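Everything below concerns the one structure shown next.
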Amino acid sequence: MLSLWRKIRRTGRVAESAPPLPDGERPERAVVLGGSVQIRHVDAGSCNGCEVEIGSAFGPVYDGERYGARLVASPRHADALLVTGVVTRNMAEPLRRTFDAVPAPKLVVAVGDCARDCGVFAGAYGVAGAVRDIVPVDVEIPGCPPRPEAIVEGLRKLTGR
Amino acid sequence: MSALGVIGGVVQPVLIVAGSPLLVGLMRQVRARLEGRAGAGVGQPWRDLRKLLRKERIAPRGTSEVFRFAPLVLVATTLVVAVVVPFVATESALDPVADLFAVVALLALGAVALALAGLDTGTAFGGMGASREMTILALVEPTLLVAIFALSVRVGSTNLGAIVSSTLHDPARVISPVSLLAAVALIVVIVAETGRIPVDNPSTHLELTMVHEAMVLEHAGPDLALVELASAMRLSVFLGLLANLFVPWGIATEATPLALLIGVLALVVKVGVLGGLLAAGEVFVAKLRLFRVPELLAGSFLLALLAVAASFFLA
Amino acid sequence: MYVQLLDLACGALLLTAVLVLWRRELTVIIRMFALQGAALAVLVGVLAAQENSAELWAVAVGVFALRAVVLPYLLRRALAGAGESRRETRPLVNVSASLLAAAVLTLLAYAVSQPLVELAPSAATQAIPVGITVVLIGFFVLVTRRRALSQLVGFLLMDNGITAVGFLATTGVGLVVELGVSLDVLLAVLVLQVLTTRMRETFGDTDLDELRELRD
Amino acid sequence: MNLAATGMAAAVAIAVLTALLAVVVRTRTSVVGVGTALTGVAAVVAGAAALAGGSFSVVLPGVLPLSGVSLTLDPLGGLFVAVTGGVAVAAGIYSMSYADTPDLRARGVRVALPLFVVAMVLVPAAANVGTLLVCWELMALTSLVLVVAEHRRGPQVASAGRWYAVMTHLGFVSVLIGLMLFVAHTGDDSFAAMREAGRHLSPAVAGVVFVATLVGFASKAGIVPLHAWLPRAHPEAPSHVSALMSAAMVNLGVYGLVRVGVDLLGGGAAWWWLLVLALGAVSAVYGILQAAMSSDLKRLLGQSTTENMGLVLIGVGAAGLFASSGDRALAALALTAALVHVVGHAAFKTVLFLAAGSVLHATGSRDLDALGGLRPVMPVTTAAFGVGALAASALPPGTAFVSEWLLLQALIHGLPAGGVAAAIAMPVAVAAVALTAGLAVATFVKAFGVGFLAKPRSEAVAGAHESPFTMLAAMGIAAVVCVVLALWPAGILPAVQAAAGGVAVSGDVTLRLNQATGALSPLLLTLGLVAAVAVVAAVMRAAVARRVRREARLWDCGGGPMSARMEYTATSFAEPLQRVFDDVVQPELDVDVSHHEESRYLVQAVEYRRKVPDRIERRLYQPVLSVITAWGRAGRGLAPGSVHRYLGYGFYAVCGVLLLLAVTR
């Protein structure tokens, strides 16, 4: 316990100082949320590259939570869906249902090139389409995988902080 | 019903309702800082609640009024406790309800309402959460009552006002083994009842490790706001109870503005410090396996019983 | 003040005994034992202050040196050599049950010590049940634990309890007696330490249940 | 002739008349039901009158040989008469439509019902040993007939009846021995004379009398380890009979204990009451633990009866202990707590058993693992069961909360009262009460949540329907009584304290302890709770932007649809508790994994079976039963079937007796 305490003392704060708020228009519905966005992550057919980056976006260094975004366990608790990967045939219906389970007002963030336009998987036989073909998308975050900074920037568009 | 009691009965619930989300924010902030993060700020839980109130209500198919009324009952039980327990003033607005057993039973009633709501959804997770919550509740009850027994035996009453004033009059009691053992037992119990680490992890995303969260997976929008508010309130009520049972100093004994102001400040400071300590402690421990929890509770039961034993060992 | 300090020391004595029963990590158990030694020293110190006796003060210092410093140091050294098995993983009676058993033992200790207390009721004698509880818990640890080291701690717990009862009942058994007992205990620990080292060399483990194999 | 006497006479007359009608003319079931209910009403009147101070005494020497019938109704008896009467009212009304089945229309069954009620009413009124024993036996026989009424349902009914018959009669024998020993030392079998002589009995004799009667009365009250009949007989009996047995008959065990131990023997030694307290604590914890594991609704309720009687005995034991150390006021408080619990238990157990009967009536099942989803189809039954479950789980605003609060107050204030024994017994008793309360909450959340909420778990439940009006009315009456008792316990306190023989609690809206600081107001508490709910609801109405609820499918992780098999069942609900108490309950698990034919690595089906056997029963009863069986087998050698041999036995016996006489002269 003492060693842990010493480690905490030695490490101090690792979160980087917040970059300036990104400009660009915020989705209208995000304004209602008032600086608090609960996020449900849906893996619609990703290679898990984006997941790793999402993980670090909420890690101590980038600290997505400081902007008022938080990952939650149920779409009922969520305001936004964070969808990664191309939407596969098997995940198309679950994605629709997850979207339906979220109480309004709700937003969808497509993370990564696959989610935006199917990326390298475009035209593959198991692919039902990009996220916007299945559910309405409000924010898109490009990159394969997108850097944590980009993900945090996208989320800050929702929280406005 | 005295003036002091009435004022306390108005000030306390307002303070608890307004302050408990801030307490949760404070605890998250402490954790964030210890983990090297920046944290979302103390006001974040209030922002979450404001947003949840603006959201849509959802009635999952096949659920009955039990599901809909549970959050109301949960908040209401905690609110009654906030009114009657001497947090700010020694006198209670409803003295015949300010009994330790009644307070404990009221808090249990809230938990039961939520467990029934979890069962009412008919989902596997709801049932699982309810089952675990009830198991923990059943095991916590003996510790809680025996600890109360230890505290009330020397006062000769289970009335909270009486216990608090007697400690005020005889400060030496606080450092007796009875108090210390009972305090440790109560801390373990409070950790279990409010679903904190190591019994339950309030920020888990994995359903299989959930206790409290699993029951509320179906609640959305304003209902969820009530549930979140209630769990924050329960936390501050328990911490406030702990603080005033063992360190009641600062509490208002007369109905003057200054005394009341000091009472409010003292409560805020005590609960804030306790919450901060609890949050800091959580950084150092891992969550227990569910089936190790009884061991923890058996230990706290033993401590509570030792507290009783000490009250006549060392009398 | 005297009574409260005495009670607090007794409370600490009891709490550390319970924690020895509760925790599984041997390092924690040894630390608890050291704390208990300190509590015992405080107990004797409080009595010394009350009696205003230099002899008791000397005993208090001796108790502290032996039970809070030397014995824990020896135990820690034994543990350092133990390698992997630093936890009491599977006691014969599971931890929840042993905690409940400790509750029963406490009440039993209280019941049996009442006649003793009534002989000369005072703040010190009223704490005798605490000492007896520690003895019983120590015995319980000795009976139900598998690791030689935790059994050793159980034995030492018993000794702490007996010492506590001795001081509480008679306010000091005298320097010479205490010295003799302490040397005995020290010797016992040293012998047992040699024994555990031998055992580990022979069996690669200190699970005493394995000794059964010697018979078969 | 005062009101109490009139009431008793009316009760007996109506019951006998109803029974006669049922024998002579083929009356309708509803007539028997109405007769039973009227008997109950008369009993309530008689009991209430006795509690109000109008006791009476009547001696009819000619009715029974040897001792004659002697009846007295004092406040203690009056309380039990009134409680029994109240339960009988609900059960009688309920039976009007519930008992309208071929099995329950049988003549013997219809005759037995009113007689059972009147026997239970007469037991607390008996004023000599002879009357008590005769009424006790009448009660046992009529209830036995009722337990086995539905014997066509399966062999388990007959088995339950056998267990019940054997145990209740062993209990009877035990009471008989105890009282006979008592009478042998007093020389007169009237209670008045025994009360006089009881104080002068030698401690040894008094101890033997107490233990013998305790065994008999405890077996009637379903106290561990004499509880084996209870979880068998109560579920198999028709539901209104279960209610009568569980809410009224078991109380008479407590009555007997108080009457003999406190009243006739006049207190006695501390160890008696420590024994009672220990039995109570063990019963309370063991009973509720078994109930928590049970997935049979009526069995669960039966086991909860053991629990509640255990709580009552804790109160009685504490009262005796305090009295023996000279603290009369505290003894009165503990006894008051116990008796309030008796009344409360009678009310909520009636509701619960009647509601369970209603479920059984509608679905044909009492297996919680197959129930669920009854809320939309049986709203009244669900509400009634909900009220009963809340009342049973010691949560405010519930009936048991008040009595357990009183009990805990008595235990807490008892610590300084009585020496080492109290110092050890009180904390343990508090822990037992607390554990019982916690487990009861879990048990009734399970019974209500799994049994009535969520979605149906089987076909039978999906086609359920609400029960007929009379059944609902009976449940409604009992539920209202529950609510009244929970909110205004002061209403029955004067009566209970008259029975307990001491005023320990006073107050109207707020209950205040007289000799200690302590106050509780269930009514204010409930009002506060209701007000808080209203405030929160109003604030929410004002604060919430979107009021309309959108109906959505359950969150099934996007997969689905979810089937009933995915729901949590009663068995799975109890699993964590069962694991925690593994060493105590020792469940038997049976997991069968069957593999695919092609490959051992593919699982085809997993079958999971869990049984929680009654461990005490197994340890205690099996050896006795096997010894008896062995004797029986040995005895068969004596009966080869030859008539000469049998006549020979008689001849030898007569000669032997004569020889014995000749020698001993």
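Each chain carries a letter (A, B, C and D) given by its place in the written order, and its residues are counted from 1.
Here, a contact is a pair of C-beta atoms (placed from the backbone, for glycine too) under 8 Å apart; a residue touches a chain by one contact, two chains touch by 3 or more.
For each chain, UniProt lists the protein as follows: A = Ni,Fe-hydrogenase III small subunit; B = Formate hydrogenlyase subunit 4; C = Hydrogenase-4 component E.
Every value quoted in this text rests on a predicted model; they were computed, and no experiment measured them.
Graph distance from chain B to chain C, where chains that touch are one step apart, equals 1.
Counting C-beta pairs in contact, the pair that comes out ahead of the other among A-D and A-B is A-B. One simple way to say how far apart two chains are is to compare their mean CA positions; for chain A and chain C this gives 56 Å. For the pair chain A and chain D, the distance between C-alpha centroids works out to 59 Å. Inter-chain centre distance (chain A to chain B, centres taken as mean C-alpha positions): 33 Å. One inter-chain figure worth recording: chain B and chain D are separated by 36 Å, centre to centre, where each centre is the mean of the chain's CA atoms.
In chain D, 423, 427, 546, 550, 552-553, 555-556 are the positions where the chain touches two or more neighbouring chains simultaneously.
Contacts with at least two other chains are made by residues 74, 76, 103-104 of chain A. Contacts with at least two other chains are made by residues 94, 97, 107, 110 of chain C. Pairs of chains meeting the touch criterion are A-B, A-D, B-C, B-D, C-D. Chain D meets chain B in the complex at residues 292, 372-373, 375-376, 393-396, 401, 405, 408-409, 411-413, 415-416, 423, 427, 430-431, 433-435, 437-439, 441-442, 445-446, 448-450, 453-455, 509-511, 516-521, 524-525, 528-529, 532-533, 535-537, 540, 543-556, 562, 566-568, 572-577, 579-580. Within the complex, the chain C residues that touch chain D are 94, 97, 107, 110-111, 114. Residues 546, 550, 552-553, 555-560 of chain D are the ones that touch chain A when the two sit in their complex. Put simply, chain B touches chain A in their complex at residues 32-41, 44, 47-48, 50-51, 54-58, 204-207, 210, 213, 217-221, 224, 283-284.
The part of chain D that touches chain C in the complex is made up of residues 420, 423-424, 427-428, 583.
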